[in-house]
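Just so it is clear, A, B, C and D label the chains in written order, and each chain counts residues from 1 on its own.
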Amino acid sequence: MIDPQIEAQLRADAYARALGANIEAIEPGYSRVSLVVTPDMLNFHGITHGGVVFSLADIAFAAAGNSHGQTAVALNVNISFTNATGAGAHLVAEAREVNLGRATGLYEIVVTEREGGQLIAQCLATVYRKREYFGRGV
Amino acid sequence: MIDPQIEAQLRADAYARALGANIEAIEPGYSRVSLVVTPDMLNFHGITHGGVVFSLADIAFAAAGNSHGQTAVALNVNISFTNATGAGAHLVAEAREVNLGRATGLYEIVVTEREGGQLIAQCLATVYRKREYFGRGV
Amino acid sequence: MIDPQIEAQLRADAYARALGANIEAIEPGYSRVSLVVTPDMLNFHGITHGGVVFSLADIAFAAAGNSHGQTAVALNVNISFTNATGAGAHLVAEAREVNLGRATGLYEIVVTEREGGQLIAQCLATVYRKREYFGRGV
Amino acid sequence: MIDPQIEAQLRADAYARALGANIEAIEPGYSRVSLVVTPDMLNFHGITHGGVVFSLADIAFAAAGNSHGQTAVALNVNISFTNATGAGAHLVAEAREVNLGRATGLYEIVVTEREGGQLIAQCLATVYRKREYFGRGV
């Protein structure tokens, strides 16, 4: 179980709120976040903008990466896009810790469409862990 | 010079407009886009959200990648974050074509802070070029 | 099961042979390859060279990516290194297909140490699939 | 100019020697390394193996990343392949420091064919800088 003080901080994300992202679950080293695509999230081809798909994945990544109460900042994210979606799509991002070192952590984030489970994007992402703590870690 | 019909389509990007991104220049294989960070673009650490920095880079990438009038979709973007910014920062993304093949294209996108020029993030990104055309290409 | 003609071609890899890599298994969309690290595979820090770890992963990636008998060439590989090894380490790379489209495919490759299973590196990698065939695909 | 003690260590790379790589230049934050492709460096398609191209880039990356005399280990390398080569090709990798922080550094590595200068691959790569020193840094 995650410390409530840590969870409260992770949920206080202005951009996640502005996008309408729903932080469904946070556990140590894990999070799941969802989003319904709106018409103002499309690109000039009329499909969901890569920036929106990435943002959803990044919100899940940040929650998982900071879930130990140690300040973690993103160093690198690699995202591969596999299938396009459009307005109304219900996207779900799940972030899982693959490796946790003293100074860095590695995460895999998978974005799927809730209905049907089609893969939309997959990420491999690294955090740098500062020697700063904002909660009672796990 | 870019074909006006192509440029018009590249500028009709709902998400870029919703974010307040300013598409400053589009040339064949190149684009420059800027954004002023607002308080609702911050993460729970109080710094500019990685999703916003990526989105700015991605808007520039999409404009450069589609600047030939051939439909290009993002396959992969790798982003490395080097320095944090906060509300009020004026970010500029420049996308440059590194390689253009028949079926794929490779782009480098550099995000800097306008004042001072500090590097905020750098990307290496690949498009897949469909056999579809929406303008008179170059 | 994989077509024997395809498997024979995938095994005819000069560089894999020169490195001493052992292609243990190839199935449609999957492969497993192993390697014992020798002293001439170390870097100037005395640990296994990143180029060797990548090469092992890339051999597995190429086998999985070409396992359908359609010529697939690497577009992009992202590799994250998590733990160092040294001479004598027995490394195993497993490549799994995450997504298979008409023109591209996405693969995850995980490199572990056989004894103990510690994660050494993880990759996310994209192929471009040419319209060329060298065997009876699956 | 680089400290001779640092340069001597960077050149003592067993795998670079085994591959026949020629470390042509090392400066603070920069290096250039070349390699002539031999028949045992080809893959089953008969083109230069991705592992060899990566290894060349990684040798240049490691030299540039460690050129300050502070131990730097690779966290992440993203490589995009743009053009194929074959036996006899003379490949050159140049690594340049894009950002140097206290704990991490970001590098761009460009691999070209010496004759003609065609782009073969491009990388974006991150090191973690340990608090260990093996020379008088710059």
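In this section, a contact is a pair of C-beta atoms (placed from the backbone, for glycine too) under 8 Å apart; a residue touches a chain by one contact, two chains touch by 3 or more.
As the structure is a computational prediction, the values presented were derived from the model and not from experiment.
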{"item": "B-D or B-C, whichever has more C-beta pairs in contact", "value": "B-D"}
{"item": "Most distant chain from chain B, judged by the mean position of its C-alpha atoms", "value": "C"}
{"item": "Duplicate of the A-B contact set - from A-D, C-D or A-C, the pair where over half of the pairs recur", "value": "C-D"}
{"item": "Chain centre separation in whole Å, for chain D relative to chain B (CA means)", "value": "28"}
{"item": "Separation of mean Cα positions, chain C and chain B [Å, integer]", "value": "32"}
{"item": "Per-residue overlap in chain D, given as positions that touch at least 2 other chains", "value": "75-76, 78, 80, 126"}
{"item": "Chain D residues touching chain B - in the complex, by the definition given at the top", "value": "76, 78, 80, 82-83, 98-99, 101, 106, 108, 119, 122-124, 126"}
{"item": "Contact footprint of chain B on chain C as seen in their complex", "value": "75-76, 78, 103-104, 126, 128"}
{"item": "Residue ranges of chain B touching chain A (in the complex, touch as defined)", "value": "9-19, 39-45, 49-52, 54-56, 58-59, 61-62, 66, 71, 73-81, 84"}
